[in-house]
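Multiple structures are listed underneath, in structure tokens.
After this come two complexes, each holding chain A, first together with chain B and then together with chain C.
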Partner chain A sequence: MTDRRRINGPSGGTSAPIFSKYLAKTPNELLERPTRSRPNNALRKMFLKTGVTPSASGSAYLELEASKNPKSTAPGLSSPSTSGLKLTCTVHGPRPLPKSAPFSPHIILTTHVKYAPFATRKRRGYLRDSSERDLGVHLETALRGVIIGDRWPKSGVEIIITILEGEEDQWWGDGIGHGNTAAAEWGMMSVLSGCITVASAAIADAGIDCVDVVAGGVAAVVKGSAKGPSPNLVLDPVPSEHKEIIAACIVGYLPSRDEITDLWVKGDIGHGNQNEDTAQSASYEELADSAVQAALGSHRVLIAALKETADVKIGRS
Partner chain B sequence: MTSAAPQSTLTFPRETFEKLSPHPYLLAHLQQASASSPPTRPNGRTPEQFRTPHINNGSLTHAEGSAVVRIGDTTVVCGIRGEILLASNVAGYRVDKSGTAPSTKPGYNEAEELDLLVPNIELATGCSPAFLPGQPPSTLVQSLSTRIYSLLHSSSLVNGADLRIWYQPPDLSDPDRMRDDEEEDTPEPEVKAFWTLYVDILFISLDGNPFDAAWAAVLSALKDVRLPKAYWDPDREMILCDDSVAESKKLQLNGLPIAVTALVFRAKEAAQSKDKRFWILVDPDTFEETLCDESVTVVVDGEKETKILGISKAGGTTVGSGQMRDIMELAAKRSAQLSRILNT
Partner chain C sequence: MAPSSALQQVLLSPAELSYLHTSLASTPPIRPDGRTSRQFRPLIAESNILPGTNGSARICFDDGTEAIVGAKAEVEKSRPVFAAREEEGEGEEMAEGQGEGGERGRNEWVDISVEIPGMRDDDSMPVFLSALLSEALLADGGFTRKLWINRRFHWKLYIDILLLSQPLSYPLPLLSLTTHLALLATRLPRLKSEKDEDPMFDDDWEASVFLFPQSQTAKPPATLLVMAVSSNIIFDPSKEELAVAEVVLAVSISSSPSSFTPESEMDVGERKGGSLKLLAVRTIDPPSRLTHPGVPNVVNTATGGTATDNMEMAMAREEGVWKSPRGGAKRKLIAEMIRKVLEKGGVGEEVLDGLEAVGLE
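Moving on to the complex of A and B:
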């Protein structure tokens, strides 16, 4: 069923361009695949700014730098190998609920997460799909415990995140040959972590009382490279940089109270791995602890960005 | 309006005045003009003053062309993605030989006939409290998308020739045969497919004048588009694209049309206005948009001399030919300023 409220384009249907190098049997992995140049426990550089949307009560913009392959010299058109993460978040409210709404003793939190049509390699539609709804629910869980909701009875607040550029689920070359089975939406984990951090900044910018600023962090267990065959624990993984991700974990973490508001683990570490190589392989607890470490890193950026905004605001008034 | 009632001792701060009685607030600002100082709007600009535009191109990875345009507090992101429409998927499209192609007919606009430009505006990104997600596209969004769509086609900005993907069939005829009927034997190149450009316009922040900002973003993104070289692979029977940047090409745009919007603000009662009954405010912000019901949008292309590509006027009865001429002059000035930024 076509959406008659939008302009839909040719009725014959269009397809995304296929680049000739996608068809090569063995993509030139050494040249094309981005590699992780940071140490395992280092995060990507993060840019965070509040107040990008003056018409909203609070807003923030977050950007993670794109990883590059140091060996590839001439960037092609088809695969600017990875994109960084670009998110904007706006907060509207708190404002009174409509008269028809039932009484609520605390604030009602609504979250919307939407990918822009040009956010991913495959063009997205304008209607929200299930993964976007899933992200919205996770974000709500992560934020609900942070806001002191009792201070605004009968009110609602809307948190809207637009993903201008998303994380990829895998390196494009990995999709060749074995279909799309290998990609288990690993990119979603980094996106959710970014969503939590940027929403937290926007909520603080809107001046909504919170018990602490929550920060998101991701950690993953990846299959080792040629140098070290055993699985590695990495913070802030970029899915396209790793051939195979075994498990990933994302947390929403409150540093001053040492509490976790949202925990989501995907993938299977299994006990079998642990027996094989007890010294190196990770347990779920270690994975979660690493995710908390990553969250602490983004928390530092978050605090610095909020301090900067506060200084500007105080200086002005 | 406090100045109209001098006996009153009641005073408010500016913000309260603005919220309580917005119309007199704007009027009071505009009437403060004297011989030395021109009237100023609440946002500090004179009625003829535009906001300074900032444009940044090519920041999106997955788009063939992109632009971020910021005009005051209105911020727009426009991303253009190219997708391929096979000629065989077009209903009623014959195999297009260069001699008999419909595109050789005068007045044939390929992009329009085949719907190759697909602009869509999204306001439900939280850019303004008036447009929140979860609802179907609002009337404003639908009308803005349609206006962008019709302007793209009526200005024939994009060349249909840039969007065609040609294929030259190899000469498979028997080399032994004599060349007495060679005009039949050399196969003519045919159009195998078309590029379709999806133009997606997202508002990050909205503070008035969405159409001008969206159009500037579309224009800047179109200038940034780099389509890869596409060719028909007869063995695989599909269109393939070449990765190299050197082989790719930019779009040849016809002209550089710029949209300029102005509002007409009217004093409500004759008593309120001393001598002047109305003001023309260019590049309005949201506060001014809520107070005016007459708006004029002109699209001009001023590369050599100012050509008018479109005029649309809605509501009100104030603007006559004299005011129209003033707006045109302002639009020409704005067009010069914007095209300087767009061309850098």
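Moving on to the complex of A and C:
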């Protein structure tokens, strides 16, 4: 399926020629990889606001702080190595299904996740590609367990998320240098976690009954720096800040029930049956527990944002 | 606007669902087809069935679902890499790492396509399945490294997965096992040229080399479907069992190269593959969330009850009345499911060993 209605640029993108005189020869000319300045167990600052789209029945906006290069003097905005996350979510419905649709005893949940064409370094097309569909399926899994669906028979709800600024899968400098090009799509994990949190806020804003608000959290095992060679467990990883991510885990977590609705782990995870190898890389359980810690962090922001909206609403009426 | 898992919808009444749930939740679980909780469905498997491919396999489950996988490899020019940069202080490390680091593969060298009859290629199910299968394959980067020829050329591997029958049950285990088998049987022509020359291959197919040599412990990944009903963990669920599942997980595993600890040397005799390694886990939306709930007699006006507007009453669970599961899965339960797959002598080892036996024939 290609987009034939618009005149699009080349799909793969072309790589501009790099002349050898521009390749850095001395180390201090090299571009600086952004480094993680937060402690391993701290999350990025999160901004969450509900009710940003008046025409939708519920909406929310989420933004994660962009990582700053410690040495850069530029005011950050268009500096080439920033990567934040900006998501906007709208919820339409619950509204009745069309007459032609078959009977459904539950609410029919449709999720739609789309990167804006300008959201990533490489341009995205207008049609959803497979990774966007995959995000949609994950989001649906995370939300379906939370919504009390049988209170709305014969109706449907659409959850639409637009990613205005996506997380990068690797540091952009790696792409032109000796690339660790095996970079898996690590950015997708943070994006999904943001999607879960923002969708949860928008659903609450739309007033759809849920068993709890679900929050997303990511944790990753990253290869240590030259000083400390053992792998580290970090919460809320920014892929561009780490040379190599070994494994990552994202959960959709319900704090009041201590339950997980969506779990996605991938990478080189330590041996499940514990032997001496555990020092080499963290086991699944450690990884999942850290992801839950991250989810608890975003849950706190989520609750605060919802309270704020509720206060405004009550104050007005 | 049909629900994405409409395909999974089983036509069972709430009473039947409740019966099935109760029997699966009892200890030990009673499965409709009489299997034990960790028993797989019987299957027919064969490999190397398509002469036009580098490796192929076919697996047929006893419920009539059948899949064919063909792997084809092409030589492709690699994108240039500018290796002029070397970071300070890491110079030595980079130089010695060059031999191995140079052989880094790229994820784009593997192309997986899944075809399921009656579904468009952009439906969520094939997209989800191909994402799941490729992430297991690419998880540790060891697989793409095998496709490296030299600095300028690499193999591009196309893995085409075809479900031949109607998707009667959730096709994930079938497709994954067939892919595993096809990759075990995949052979590439032997390289005759050296280093960075244009690649030249031995045209004798007999001399070709296996992508996964039998002497090595590295094996392609396999993805298993595990579900849980209350605290019972059930492997390889059928379609009816999935309709009452509370948690469904897809767990990708592969055998990791055995480490040379005294402990692992001891059990070399019983299993040469080393211990199992977890590659990926995903929760799958259980189709049970879309089933029709039952109505208890007390609130059913048709049976002499009175309709209630009391939320508590409407939410209450009554024994024998089916209510679709709500909420997620307990953390402990998920960890236990994963542990059951990975444990020594567990289901994961059994499956990998069984498939290896097919490849050897």
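Just so we're on the same page, the second predicted complex is superposed on the first by the 264 of 317 C-alpha atoms of A that agree within 3 Å, B and C clash if a C-alpha of one lies under 4 Å from a C-alpha of the other, contacts with A are read in each partner's own complex, and residues count from 1 in each chain.
As a working rule, a residue touches a chain if its C-beta (ideal position, glycine included) is under 8 Å from a C-beta of that chain, and two chains touch if they have at least 3 such contacts.
Nothing here was measured: the structure is a model prediction, and the numbers come from that model.
Peer 1: May I ask you to decide whether A:101 touches chain B, chain C, both, or neither, giving the answer as first, second, both or neither?
Peer 2: second
Peer 1: Would you check which partner chain A:257 touches, where first means chain B only, second means chain C only, and both and neither mean what they say?
Peer 2: Once the two structures are laid over each other on A, A:257 reaches chain C alone.
Peer 1: So, does A:116 touch the first partner chain B, the second partner chain C, both, or neither?
Peer 2: A:116: touches chain B, not chain C.
Peer 1: Based on the superposed arrangement, let me know which partner A:39 touches: chain B (first), chain C (second), both, or neither?
Peer 2: After superposing on A, A:39 lies clear of both chain B and chain C.
Peer 1: Would you sort A:18 into first (chain B), second (chain C), both or neither based on which partner it touches?
Peer 2: Once the two structures are laid over each other on A, A:18 reaches both partners.
Peer 1: Please determine whether it is chain B or chain C that touches the greater number of chain A residues.
Peer 2: C
Peer 1: Counting only touches as set out at the top, which of chain B and chain C does A:315 meet: first, second, both, neither?
Peer 2: Neither partner.
Peer 1: Between chain B (first) and chain C (second), which, if any, makes contact with A:165: first, second, both or neither?
Peer 2: Only chain B is touched by A:165; chain C is not.
Peer 1: Answer with first, second, both or neither: which of chain B and chain C does A:156 touch in the superposed model?
Peer 2: Touch status of A:156: second partner only.
Peer 1: Can you list the residues of chain A that meet both chain B and chain C?
Peer 2: On chain A, the residues that contact chain B in one structure and chain C in the other are 15, 18, 20, 23, 110.
Peer 1: For chain A, which residues are in contact with chain C within the complex?
Peer 2: Spelled out, the residues of chain A in touch with chain C are 1, 15, 18, 20, 23-24, 27, 30, 97-98, 101-102, 104-106, 108-110, 130-131, 133-134, 136-138, 140-141, 144-146, 148-150, 156, 176-184, 211-212, 214, 226, 252-254, 257-273, 275-277, 284-285, 288-289, 292.
Peer 1: Inside the complex, what are the residues of chain A that reach chain B?
Peer 2: It is residues 5-21, 23, 52-56, 59, 66, 74-80, 82-84, 88-90, 92, 110, 112, 114, 116-121, 123, 126, 158, 160, 162, 164-165 of chain A that touch chain B.
Peer 1: Spell out the part of chain B that touches chain A in their complex, as residue ranges.
Peer 2: 60-63, 66, 73, 75, 77, 79-86, 89-91, 114-116, 118-120, 122, 125-129, 132-134, 136-137, 142, 145-146, 149, 196, 198, 200, 202, 204-207, 226, 228, 230, 233, 236, 238-245, 248, 286
Peer 1: Which residues, counting only chain C, touch chain A once they are in their complex?
Peer 2: These residues of chain C touch chain A: 1-4, 79, 81-90, 93-94, 101, 104-107, 121-122, 124, 127-128, 130-131, 135, 138-141, 144, 249, 256, 259, 261, 263-264, 275-285, 289-290, 292-293, 324-331, 334-335, 338-339, 341-344.
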